[in-house]
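Here come two complexes built around subunit A, the first alongside subunit B, the second alongside subunit C.
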Partner chain A sequence: MDFDFSFLAEYSGVLWRGLLTTLQFVGIAVVLGLIWGFLLSMGRTSANKGLYWVTTIYVEFFRGTPVLVQLFWIFFCLPLFLGVELSGFTSAVIALSLYSGAITSESFRAALKSIEASQFDACTALGLPQGVQTVFVILPQAVLRAIPNLLSNVVSLFKESALVSAVGMADLMYVGQNIANNVARPIEILTAIALIYFAIGFPLTRAVSLVEGRLLKVVKA
Partner chain B sequence: MAFVEIDGLVKRYGSLSIFEGFDLHMENADRLVLIGPSGCGKSTLLRCMMGLEDIAGGTIRLGGDGYIQGAEDGRMTLDKRVQKDVGMVFQHYTLFPHLSVLGNLCLAPVRSRGVKKSEAKDKALGLLERFGLAERANFYPSQLSGGQKQRVAIARALMLDPKLMLFDEVTSALDPELVVEVENTMMELAEGGMPMMIVTHDMHFARSIATKVVFQERGKVIEAAAPDDLFSNPQQERTRDFLRNVLHIAG
Partner chain C sequence: MNYEFDWFYVKKGLPQLIEGLWLTLELTLWANVIGLVLGFLVAIGMLSKVKAVVWPLTAYIEFFRCTPALIQLVWFFFCIPILFNVWWSAEFMGILALGLNLAAFNAEAYRAAIQAIPHAHTDASTALGLNALQRIIHVILPQALILALPVLITNGIGIFQQSALVALISVEDLMYQGRYISTQTFRPIETLTTVALIYFAVSFPVSQAVTLIERRTKRLLAN
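This part shows the complex of A and B:
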């Protein structure tokens, strides 16, 4: 077997556009997932039984089913219910946002639960009203504590995003597969794709450990 | 009418009973130190007074106003004045880790008392100055020593001008060389006439700061007396046993 990576230069433009597409919809899904996940975590920690159950079932459902199935469902089935065509991009953003919302809500919830009871005692002893306690004491700490987890969720989502190629969206993975089919050189092209994912994923994982170390120092008083 | 009146206090954790009708009175000029074996309810008593625990019966009054009224069904009545009039310092500092020292001090006055930010800040800086912590105003709790954290916690409670301060084993988590700075701060408060209730295992400190020492065991007051009397001439056999044990251990 002989390997030839030189032909890749010719495709660099297409690969670059594929990567940009990936980064674009992952970026949107991360932001939407953060907001959605935060709202879900409020429901999950709420004293309201109805709210608790609805959000819990949602989260468990999305955590307990394959992302690929969710993606297919949004892409093929949802349009039948809505009566409108959804583009690959829109489907991908919806599916990944719904999924990442479920995962993110768990990170927020764990962070909220990790706030020591003594912090609540201190608030009571200072006579802080419930709203002040939540907004100025509990939430800021929960968000700080959730950051390392949220970042690793981003890394996972970035990697899982390769699945959207299955619904024909021209992301990095899809572009790669196309090139591989055209030039019949799957080894070189798939290796290159893996390296590109790694080149972005690895610094992100390193950033997670770094942030984790720093934040823990601040948050553990 | 005494300054603090606890009458018939009942406190249970599930089937575990801590108090079944506990009485304790304290005068305005008193600094009352609670001593006793661990698990006898000293800390629980302070937590009940602060409104941190549901009490199943009895009343706790401060300055003649009934502010906590226990109830068997777990729906005790709690007058919000309790948190206005009583300040508490805990064993594990419980500072807010995401806020600077100034932020910790100013949060409650600004956000729940409607004090102007600038006023709260001036007051906070004054307190920090008094405690020798002025240059730490913009530090975060994680950058402070245990002793400094605890003194900040004391300052934070004082920001609300409490009429009574509760200290729950505030030096127990500290390295021995840091205990003195916190005890000195408490002594300074004592000299300023602040009424206090203190739970401590440090008998020497108890003797020097108290106007009255209460020895309690199994949810009952066994003996209450002026510190010199209680430590030098305890009247009850159980008090003598306890003091012999702890003073022996303490060397």
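This part shows the complex of A and C:
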């Protein structure tokens, strides 16, 4: 068995573009997911029963089904429902963002739940109005505590983003498989792709544990 | 929206979907067997003071945790046959990739649980004259299992969902059958929705059970 990694240099341009596409998907899904997830978590902690149930079913459904199924559903079914053409890019962004929103809302919800009752009591004792209480007391603490989870969601999304290759998006995974098929050297190219994913995924994961350790100290202090 | 639903083909294809579900469950089961056993062995190995043991295991865990499951699966599917000159079925490759992926995550769960076991238990084992193996089997394993159980089940059901990826290497699981029927009959909405509901019907009860078990374990530990 002889390996030849030298031909990879030839494809560095395509691989780079694939990686940028992957990062672009992750970036958009993270930002949209943060907004959508925050709104969902408001619904899930709301006293309004209707709102609570709708958001709960949404979140449980997106967490309880494979992302691949969600992606195919959006890609094949949503255009039929809406009666409009959706590009592969749009469907992939929609699918990843809807999933991202579901897992993000759980992070926010857990953070909101972790705030002690004494904080609310203190707000009442200080006579703070509801709005001030939410914005200046609860929100900053919730965001701070949600940070490690939110970061690990970014890692999950980064890994799940490889799925968009299944609907023909030219991300890193897609480009890699394409080259592997063309040059009939799957070992070199797929290993290289895996290493590129690792080179980003590993520091991200490390960063999560680091931030977690730091925040634990801050919150305890 | 003026879409007319037609469930005829879903009803007709239901046996095929059920067959796919069985294969999905089979993949999940075997991946979990590998994940639970290998995960524990890796976690025990990580306790070692020998660097030559810890380093490869760390590399294994981090590599599987930090790359997409899809690339792992595709890598196994295309590269294992060439590297080792073996021709295993796509199903077996799927089980192997999913199992190794799960074992990496489970090893972390076990490790966290083992760390939570008070050090006094090790001292007590020594005082009772248990050897290392006896200590692992009778003292560490039972406690690690109980402590890690919620995470282990969550990971296990995660693999149930990830197993849909094997459809991309043409293993005829639930996802594959659903895609097949939907393209054959031009009824993606009915078919893919049914597939999604089947996945949900399996994973939702399990995730609810985890919440229950978590509460039980907490109470058990409090006593």
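Observations
Everything that follows uses one rule, which is that the second predicted complex is superposed on the first by the 220 of 221 C-alpha atoms of A that agree within 3 Å, B and C clash if a C-alpha of one lies under 4 Å from a C-alpha of the other, contacts with A are read in each partner's own complex, and residues count from 1 in each chain.
We take it that a contact is a pair of C-beta atoms (placed from the backbone, for glycine too) under 8 Å apart; a residue touches a chain by one contact, two chains touch by 3 or more.
Just so we're clear, the structure is a prediction, and the values are computed from it rather than from any experiment.
Applying the stated contact rule after C-alpha superposition, one finds that A:F72 touches subunit C and leaves subunit B untouched.
Once the two complexes are overlaid on the shared chain, A:I193 sits against subunit C while remaining clear of subunit B. Using the contact criterion defined above for the overlaid structures, shared-chain residue A:S46 touches neither subunit B nor subunit C, since it reaches no partner. Judged by the touch definition given at the top, the superposed model places A:S12 against neither subunit B nor subunit C.
Which of subunit B and subunit C touches more residues of subunit A is settled by the count: it is C.
Of the two partner chains placed by superposition, A:N182 touches none, neither subunit B nor subunit C.
In the superposed model, A:F136 makes contact with subunit B only, not with subunit C.
In the superposition on chain A, A:D121 contacts subunit B only, with no contact to subunit C. Of the two partner chains placed around the shared chain by superposition, neither subunit B nor subunit C is touched by A:S209. By the touch criterion defined above, A:S87 reaches neither subunit B nor subunit C.
In the complex of the two chains, the subunit A residues touching subunit C come out as 1, 60-61, 63-70, 72-73, 76-77, 80-83, 155, 158-163, 165-166, 173, 176-177, 180, 186-187, 190-191, 193-194, 197-198, 201-202, 204-205.
Against subunit A, the residues of subunit B that register as touching in their complex are 47, 50-52, 80, 83-84, 86-88, 90, 92-98, 107-108, 111-112, 140-142, 149, 156-157, 160. Only residues 118-119, 121-122, 124-129, 132, 136-137, 140-141, 144, 217-221 of subunit A touch subunit B when the two sit together in their complex. Contact residues of subunit C toward subunit A in the complex are 1, 3, 62-63, 65-72, 74-75, 78-79, 82-83, 161-165, 167-168, 175, 178-179, 182, 188-189, 192-193, 195-196, 199-200, 203-204, 207.
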